[in-house]
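Going in written order, the chains are labelled A, B, C, D, E and F, and every chain counts its residues from 1.
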């Protein structure tokens, strides 16, 4: 009774030493161009996760028994100084990787992925990236900024190079993004066609998985900065996550772009929590 | 003009004497563990039902002509004293059944079903129960309480016994619920597979039908305390309700777990009203 | 820098002289019987359209390059004097048609369509109408009013006569509307079955296309006055719009019934913007 | 138990025959130029009045014992046909007055007052009007319409003439309204200065009292179409209402311009309910 | 970095052993009769407290330096079984008092006070109670329940007896409450008149202080279940809290009835946090 | 009719050449540490300003006749790159000043003031600053950033030096800010005491006026990122603005920190619009 109040994501209460996955929040949204608010995702998810069960009837697994996650809380990031915030994320991820554990980051806007990938690519020079999203995020700069939620996958490409990025669910971008993308990355528009083949092909490669939740249709996930009609259903995403879970060398992942304030029903947060539970169970060994 | 202001659910304005179905609200949510608010469902549904038509193009029937429903308003239940509230519901239901009419209760949280089933099982000792829900609700106790929204179907089982409860759409619960359930009830996970067969099998049995609206996907029904992604669509539910309507001895039913405050668009209430209209038309003779 | 602040819908910034389509808002909702608010649709759509891209990956076209739309802003309509407001719309539409351009009106409640059709039928006496909606809108009068959102297609029929109106997606109405409709209009209930055939049949006729956005399922479009569960998906609508785009003589169109205040997530507005983009691209030549 | 569900404003449940005051709703807002929604005021107030007590510690009176109010429900008004709606209100008010009772109308937008005043001035040709409001409402026409929420006091002046209208709390209008007003009505800007003197002066005259709730500061009453900072406090209004209650020949009154949808906290509705309770107690004999 | 995520109220991060005050949440609202939701107060306050400063310019003190508060988190209370929940609160409070520390409880509905007072009166049989509230809470039973938010001060009176309860700010209740109160408790209606004298008179007595935040005017504190217009301002409350801080033997206190969901602006939570900061600083030694 | 849609703040529609004041929006909130959203202030104010009158009964002046404001729209600022955004603001302000006009900027977070002051101090090396705010904003750095909403007045002090900054209404800050402030700036805590004297003293000096709207009490202005109870009333602010209007050499001003999304009633935006109208009228000559 007399310990200070501890708050973790549901069922993610292992000690650091025994953990396989290290969950942390990266509450940053300074480059968001339309509607900010993803900075509140991780805190809100921790609070609302208690409306969820630890058990998944989809995978017949339980967070308590079938996963080992340590929740280190949220990074205290510098708003308005994007480079500095990315360095903080990179440094935190690096420590997790150095201890032989895997990072599980909750954004924040999608740019936070860059910090984590910088750390991952240092350890795994042969890194590949699987990317679920509504938006291509392949611009080279956006309103003059090269570090932006709209450029993040281009920046990741700067690190990993051609043929290493595999996008799914993309249904928005400007024309030049799609044109550039055809030369440098693999883009599956609208859905998850070919994901199983991609996973088979990357079976023994080090893979980082980044999940922008706006890949979901806004009907079930309205709480995001830039909703895009025509997305995938929760069950399609669930299936795709289980496919990703077949990878043998998934070295880190993130879930981003929940913006709780735009969905006062709480459904978007509940969906994000359920996605996180299923992701953890799918990738735990 | 000079009658006091009467408010009924749309098209449910028959006199008691001529009614087949007696609609009433059971505004109770004291055991709700996550987000309360279902107490406002019945009042909000009455008010918003005037955005609906009495005619169903799905069933080609009309509430005015093809049903006979008396709306007795809401029970005035005691908050915080669960046993007392359940007794009030039981007593009200008993009177309806004693008059040869059928109860149509609007919850409230799912626990209100227990009050109605207690009355029904007294009149129909051979009672069977069809249960649509996202949650199994089969715990034996919850945070120390045996009377809880999370235990209600276990309490119903105490009354009807093995093999009498048929669950559909279930996609959440702890592991022990599913394990216990396999021994004592019939549970169809995720959807309505096997419903037609169940209805055929129960054709001449007395059946109580309890519909937790969170069986619907939160995309179309966000206004509920514990939204669970991955639910059925409105059209799937509509089809299932028509299947239930084929039962020859449906002795009572309820519709519960709408929590209007969590959906300020009004869509959840509109959906609940439409479900109620279709249910009434499906079960009226 | 020193021009007064101009606001147009995204990518709709051509000069009048070079425009094919003339976009304008008709912010009127005085006859709305349930929940008003559509008057704010056009302004909100202009503001939020900047969260959208000008490029459509569905049609591989771009608003900047593949369309020519002039945005003339909103009409200043008289609230509470329905006849006067309709005359203002009719007059504005007439001028657009007289200049050999096509009107693209953003409602407002559905009654605004009547003003535009009055102008169109004067120029094209052989006018046909394609109508997407959840509601039949075929009443002859509503609460004593003959000019109402609930009577608008009956009023249009007064102008064009039997066999000229083709409805799709209809899932709500009173019985008499459906009965009357069978004699005078073509009504496809629930979905877009037969749309391709209709479009083929009307290939060389002058056609006005009116799109009530509540034809969409409320899961993806909750922000409307009278949400009706059981609607079409965004992708179904997108497909239907492209089918309509095959018409060779589409003389005008409108998009109506967005009520932004009922969807604080902004998703409904985002969907309306995306529908408008796709519509413009589908009908531009 | 077996009466149909009756809903009245809290403590307003007398029979018509025994009533002094006849409460009714006039759910009309078709001429509202900025943000509609007052049509929902009366229904929402009835529902939420149960969060209030019948007893006033301010006046040491109780609605049950110290007033006699019959609640006749809401008129079913025609949206979009302003003349017709006003006639319906006039006719209803006329019947109440003919039976020797006093009308207590809940708007709706402020224009509904015109219907009631038309009836009152027929019975009391010497009618005077006390008017609390943030807005002068003295325009002669508004966007071309002479029947408008913005012209209502000018239309009332057409009926009662110079020197019969006494305005308080006014803090918004165009310049011409204030100029015209100086010639024809008595206007107290910003607060209730001089109200006691006015009441003394009108002690034996027939007086109609119209209370636009936006006279309150938006801090305590945000739920209105056109909030105007700088208004009176609840306690100032309470005091003013008790002053009005000293009139010996108050022949009717109304409370209008609550728009519940704009205040999701429910505070505005709670304030409106409390104002109504205090008004009833202040004017009951 | 590698400790599990700890969440405390801003600046309340002392160890238990060094603490003077022990903060805990009592998330219970099962007897709330109108609008539930206070169960979320403590969690929401912890999260939003980081928008506050630890320093008070009003008292020129700082939470870090001038107070010693340990935050033990929230009790896990049983919903729907009121007696059991109260026992849990009583037991927790008893342990705090037994260790020579003072409880600082965040409700929940006002009934939670009864649990804490039961513990306090065991240790301090001569306990007095200072009570700030909009509502008298003096009913003997409410809808048949003796344990209710509406009866809590009557239940406290059962324990402490006549002349020990001092109420301030009361502006709502039924007539019988005020009548009963005149015999048994001291009630200051509407404001804090006489508070300084009461504090002087109780200078050396053991006093429990219970603060129902709805004593504040709903303009500044809309986020509560039953808002009552006509309340005190924040600055008046601040002044009164500093007066209470002059007591030499304040043995415990609570702050209750924040219901965050009813104020989506976050202002009510921000106000509650600021009140808590000022209260802690006023009573710390 | 055939001009592209122009949107200006109400009554601010002069041509640039004839303008005294040049209004522009600076939609930037990247350094906001708690709740972002001020980027939407200027657009929302333009849209909602049409609920306001151009005439002020407080000052008996009218925007159409008694002011000359050109609205140049919003700057397109770079999110996430704070230095760059400030340079854009500085450059824009410089041009306005170079043309002998005065800038009137709508934020955005308070940091935008730095851009405008940089331009102003170049033209007026003897610049003084009057600052209304709830927060001192005097930190030297915040979470490692020197360019932050929490440091903006410190950064302004870097430019203007000791004795040139006059703060009013301050009620929040950390202790070090108040300590540092005592040496370098003039701070009036809580209200506007001494403002008239300050204005007299600065009568002939060049003065920049920066108004953080959160100086208002959150009861009337909840729509801001960090609401602080205990603020000034609208009428107090109105009076203070008129006092500031007596300055003979006011060279520029800004109004900032409205965050519309946090106040869905629209009251905060309406208040901001009214404040802007009164400010323009007070400082126009």
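Here, a contact is a pair of C-beta atoms (placed from the backbone, for glycine too) under 8 Å apart; a residue touches a chain by one contact, two chains touch by 3 or more.
Each chain and its UniProt protein: A, B, C, D, E, F = Agmatinase.
Just so it is clear, the model here is predicted, and its values are computed rather than measured.
Both chain B and chain C are touched by A, D.
Any chain bridging chain A and chain D, meaning touching each of them, is among B, C, E, F; the list is complete. Look at the contact of chain D with chain E and you find different residues on each copy: under half of the numbers used there are shared.
Fitting chain A to chain C on C-alpha positions gives a rotation angle of 120 degrees, to the nearest 5. Between B-C and the choices B-D, A-E or A-C, the pair with more than half the same contact pairs by residue number is A-C. Once the centre of each chain is set as its mean CA position, chain A and chain F turn out to be 38 Å apart.
Those residues of chain A in touch with two or more other chains are numbered 35, 217, 219-220, 264. Across the assembly, chains come into contact as A-B, A-C, A-E, A-F, B-C, B-D, B-E, C-D, C-F, D-E, D-F, E-F. Across the interface of their complex, chain C is touched by residues 34-35, 170-175, 178, 189-190, 217-220, 222-223, 225-230, 262-264 of chain A.
Across the complex, chain B meets chain C through its residues 50-55, 57-58, 62, 217, 219-220, 234-235, 238, 264-267, 270-271, 274. Chain E makes touch with chain A in their complex at residues 1-8, 13, 15-16, 43, 46-47, 70-74, 92, 95, 264. Listed in rising order, the residues of chain A touching chain F in the complex are 29-33, 35-37, 39, 76-82, 84, 111, 143-145, 147-148, 261.
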